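Heads up, the next two complexes both have chain A, just with different partners, chain B and then chain C.
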Partner chain A sequence: MLKKTAINKATELAAALMEKGTLIAPVKEDAGFNFREISDAKQVDLNFHNTIISPKSAFFPQTEDFVRYQTGKSILEATPVELNIKPAFLFGVRPCDVKSFEIMDIHFSGTGLVDPYWQKRREATTVFGYAFDLDKPAEAEEFYQTLGIGAADPEGSDIFMVKKDNDLLMKAITPRGEKLLTGLNIPSEASADDEKYFDDTVAAGRNFKTRSTCVDARATAKKFEDLFHNTDFWEKMSHACLSCGACTFVCPTCYCFDICDETLFSRGTRRRVWDACMFTDFTLEASGHNPRTKVYQRLRQKVCHKYSYHVRKYGVISCVGCGRCTRYCPVNIDIFSIVEEAVKA
Partner chain B sequence: MSSNNPYIPMPVEISKIIDEVDTHDIKTFRFTFLNKEDGENFKYLPGQFAELSIYGKGESPIGIASSPTEPGYVEFTVQRAGTILPGLVTAALHDMDEGGKIGLRGPLGHSWPVEFLEKKNIVVVGGGFAFTTLRSLINYMLHQDNRSRFGDITVIYGARTPGLLLYKDELAGWGKRDDIKTVITVDKGDETWKGRQGFVPAVCKEVAPSPNNTVAVICGPPVMIKFTLPVFFELGFSKENILTSLEMRMKCGIGKCGRCNVGYKYVCSDGPVFSLAQLEELPRDFW
Partner chain C sequence: MAISFKQIEDKLKTEAKGLLETGKVSLVLAYGKGYDEKHPMPYVARRPSDADNIVFNEFCTHNMARYMVRYPAGTKMAVAVKAADSRAVIQLIQEEKVKREDLVLLGIPAYGMKNPKTGETIDSKTTCGLYNPVLYDVLLGEEVHGQPVVSPYDVLAQYEAMDKEARFAFWKKELDKCIRCYACRKACPMCYCDPCFIDQNKPKWGEKSPESAGNLMYHLTRFHHLAGRCIDCGECSRACPVNIPLYLFHKKVAKDCEDMFGQAAGMSVEDKPVLVNFRVDDSDKILE
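After this line comes the complex of A and B, so read on.
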């Protein structure tokens, strides 16, 4: 099913979704765009390229409260925080970021014990993917083409949106998307022309140029295994790195977290918070032992995890080429160049 | 852990505390489950671990020191950790008395591969404080229901001083049995010590267990492992028949938080038990 609405009617669409549940959509802020929970439909702004922080926080928020406790009282009086999850709509996600959800699904809910927080939010959320604007060139940091991700790939979205002049074409991809789109009375039926435009855009997206190099997941994984002990290589790659962890915080596929107890006076919360393998105390044991005291060891961990360890464990590269880590790195460390250098090395 | 959420600990009560060593910084804590069904569902094997959880302090991953053949409770031998900064959880636990209540998440990780060990001779090599899950394994194998499943059992256990040996009563008990060979050594004896003196690797060389149909299960500080492994190579043990347990800093214990990642493995959920053959596939990112 394909429907369409005028882009300047997006506010009405947003309002309709807000009647059905929580709406999370791009909002313009001082520093740029970010996905935010929408309180006023007018906040939704589709005039964006991509957000600063990835949309992973819709399923994996930066802080997640597990338990409330009081110090000095019995553990029996501690209370788990109810996971009060309502239907949600994640609106306007770029295809590379949609791909990141599939990669994270394998880790959080597809293997071993299920992470209930991730799984329940995923189940409750309808994803509206949104094709990049193919009339504009890709941004310099982006390289999703290298990883086989098109600029208009609808896979992974429940509903996929393509901009056509002043209209927004919306196609149901999954049964959940179909049901939602049927129930929304705002979008009008699309024409045969629109159908063709949608399909042409998806096809054109597959050939849309970003930075690109030849990466075969298995071969690259092996290459990084071989490079592990090449300290010269890793020192060269990391010489400017500040270990600030910004790359991991904006990344759509970084999932490392800490579990910590925060107590104020006698009341406290056990919560998980995003953490980063770039931080020096990430692997610091209580004994004082720390296997990754050097910056190059930590940058190596981050890159090898994405391009080697994750491939060997889960079969996929844990990177979608969104370019955020490079864009927001204060010293211009570029993971694409590291991969390119590694492939050549 | 709670049945529907692996991050929520189960409440347990300290039913017994044993002061293990003369420096008083290693104690064995026996816990009983406050909810009966938690105890019934807590099915573990030697080598697994659990997160000990104290609200306001945090959680610590600790190997299970009791054997599943001892029903009704679970034991952990815990060192008061921290040389530069105190270990918050272990310090709080050490300051608690019998009757104190804490949380527990587990059992976590893979056990010593008991089915693989069946019908084989077992050499257990332990050093210092890392003897805890080995004690679990030994007591499991020695249980009357299990003893016939395993061949000869040899235990080589060393500590720096006699006062630092764990489980002294049990060591004495094993010494009196004829179905287990127990070799205890200390780096440096004192005036009362009448036993063996010497480092674990040297003692292993001297005892020289036969590699025929034999598995070595080795746990200890990195320096002990580093010097003990070559001894077992020279004796002719294959890399598949040398097992050890890794340590990395952990948080979630269930392979989600990324902290204990070494190569393509998470030490918590893929380990902590690895054969030497498996370890050699991993980058040297843990010692």
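After this line comes the complex of A and C, so read on.
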């Protein structure tokens, strides 16, 4: 099913979705756009390229409370935090980010060890994918196409949206999407012309250039394995790196976290908080030993995890080429350039 | 007179090559190519032939003094320094993190530098606003004269005019945006502590989760650890992925420090760091 609505009627669409559940959509903030839970339908703003932080936070928030307790009291009095999950709509996700959910599913449910927090939110959420604007060239930081992800790939979305002049075409991709779209009385039926436009955009998206080098996952993974002990190479790649957490925190496929106990007076919460392999204390052991004391070791971990270990274990690169890490790196380190250097080395 | 970035780049290459060839230094901290022209990167030249990879343009905003403490004490190095960067070097000499005799400072007089992320021109609003390096061995261009001299503290007026509640609300809103990626402290030439207080857990000084309490603890402490030490290069704010105007707080502390003790950070190798230098005639305002 394909429906359409005027883009300037997006507010009405947002309001209709808010009646059915929680709406998470791009919102314009001082520094740029971010996905936020919408409280006023007017906040939704589709006039964005991509968000600063990836939409992974819809399923894997930076802070997640597990248990609350009182210090000094018995552990039996601690109370688990109820996972109160309502139907949700994640609106306006770019195709590369939609792809990241599939990669994250491997870790949060696919290996058999299920993370209920991730999985229940995933199950309760309808994903509205949104094609990049093919009239504008890709940004210099992006490289999803070289990783085989089209700028208008509908796979992975429940409903996929394409902008056509002043209209938003919305196509149901999954049965869940079909059901939702049928029940929404706002968008009108699309014409045969719209159907063609939608299909043409998806096809054009596959050939929409980001960067020129093509990446063969297996060969790249092997190359990085060979380079592991080449300290010279890694030192060269990392001499600018500050070893901060900007790249991993904005990344849609970084999933590391730390479990912390945080207390305010006697009220305590056991929670998980995003962590990053680029932090010095990420690998710090209780003995005081730290197997990764050098910046190059940490950057090597980040790159090799995504482009080598992940491929060896799960068959896919754990990067979708969204370009966020490059865009927000304070010293302009570009992960794709490291991949290119490795291939050449 | 416009800045000739090309000329500076050429001189930087020549100097770097010469210094590495004669073995006067074992590395040169400068700038190299990034993924495009607008995004050059900090670069370390180690061999004379590396000097060819050095670039310099208006997007070379990074403070290379940040990297000096990464190398073992006694490493002979040359460092490309713009005005604020040279102040960072001076401050690090005062704090005995590096020795003057180990350094060759390649001074870069410049204005009109641009923030690679926003394209905005960088001036005294977000930095110390000086044009010429305060300390250098070689100057890679002509000294800048005739550019407007603006106090780096002018930008503070509108915030100082706010009442306490409004100012607290302003900072709460700003600091609530923080995602605790620590790019700010990592980009800062003066944040060299290992471990940083916020990473310690015995005692634990602040919470790790990006919520008000921990964010305030991290930032207010960091602002104060930088008191009398921040040289106003603006790197922390440029590094921040969510654009928190950290420079405003640092400027305010720097201004108060200067008012109270009559000394700005990183202006002379003869100075002692202001907060460790007790003088009988020191201002008591800090205790008020």
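Definition applied: the second predicted complex is superposed on the first by the 343 of 345 C-alpha atoms of A that agree within 3 Å, B and C clash if a C-alpha of one lies under 4 Å from a C-alpha of the other, contacts with A are read in each partner's own complex, and residues count from 1 in each chain.
Rule of thumb we're sticking to: a contact is a pair of C-beta atoms (placed from the backbone, for glycine too) under 8 Å apart; a residue touches a chain by one contact, two chains touch by 3 or more.
Because the structure is predicted, anything quoted here is derived from the model rather than measured.
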Do chain B and chain C fit side by side on chain A after the overlay, or clash?
fit
Specify the partner with more touching residues on chain A, choosing between chain B and chain C.
B
With both complexes overlaid on chain A, does A:192 touch chain B (first), chain C (second), both or neither?
neither
Taking the superposition as given, does A:214 touch the first partner, chain B, the second, chain C, both, or neither?
neither
Scan A:75 for contacts with chain B and chain C and give back first, second, both or neither.
first
Determine, under the contact definition given at the top, whether A:268 touches first (chain B), second (chain C), both, or neither.
first
With both complexes superposed on chain A, which partner does A:258 reach: first (chain B), second (chain C), both or neither?
both
For A:292 in the superposed arrangement: first (chain B), second (chain C), both or neither?
first
Does the superposition put A:326 against chain B (first), chain C (second), both, or neither?
second
Could you give the angle made at the Cα centre of chain A by the lines to the Cα centres of chain B and chain C, to the nearest 10°?
90
In the superposition described above, what is the shortest C-alpha distance between chain B and chain C in Å? Please give a whole number.
6
Enumerate the residues of chain A that count as touching chain B in its complex and touching chain C in the other.
258, 260
Parts of chain C lying in touch with chain A, wherever the complex brings them together
34-36, 39-44, 62, 66-67, 70, 116-117, 177, 179-183, 185-187, 194-195, 199, 207-211, 213-214, 235, 238-239, 241-243
Given the complex with chain C, which residues does chain A contribute to the contact?
29-31, 52-53, 62-63, 140-141, 239-240, 242-246, 249-250, 258, 260, 262, 264, 271, 273, 276, 279-281, 295, 326-328, 330-334, 336-337
Report the residues of chain B in contact with chain A in the complex, numbered from low to high.
2, 4-9, 11, 34, 53, 55-60, 81-85, 87, 90, 101-103, 247-249, 251-252, 254-259, 261, 263-265, 269, 283-287
Spell out the residues on chain A that touch chain B in their complex, using ranges where they run on.
66-67, 69, 71, 74-76, 78, 80, 107-108, 111-113, 115-116, 225, 228-229, 255-261, 263, 268, 270, 272, 275, 277, 282-288, 291-292, 297, 301, 304-305, 308-310, 312-313
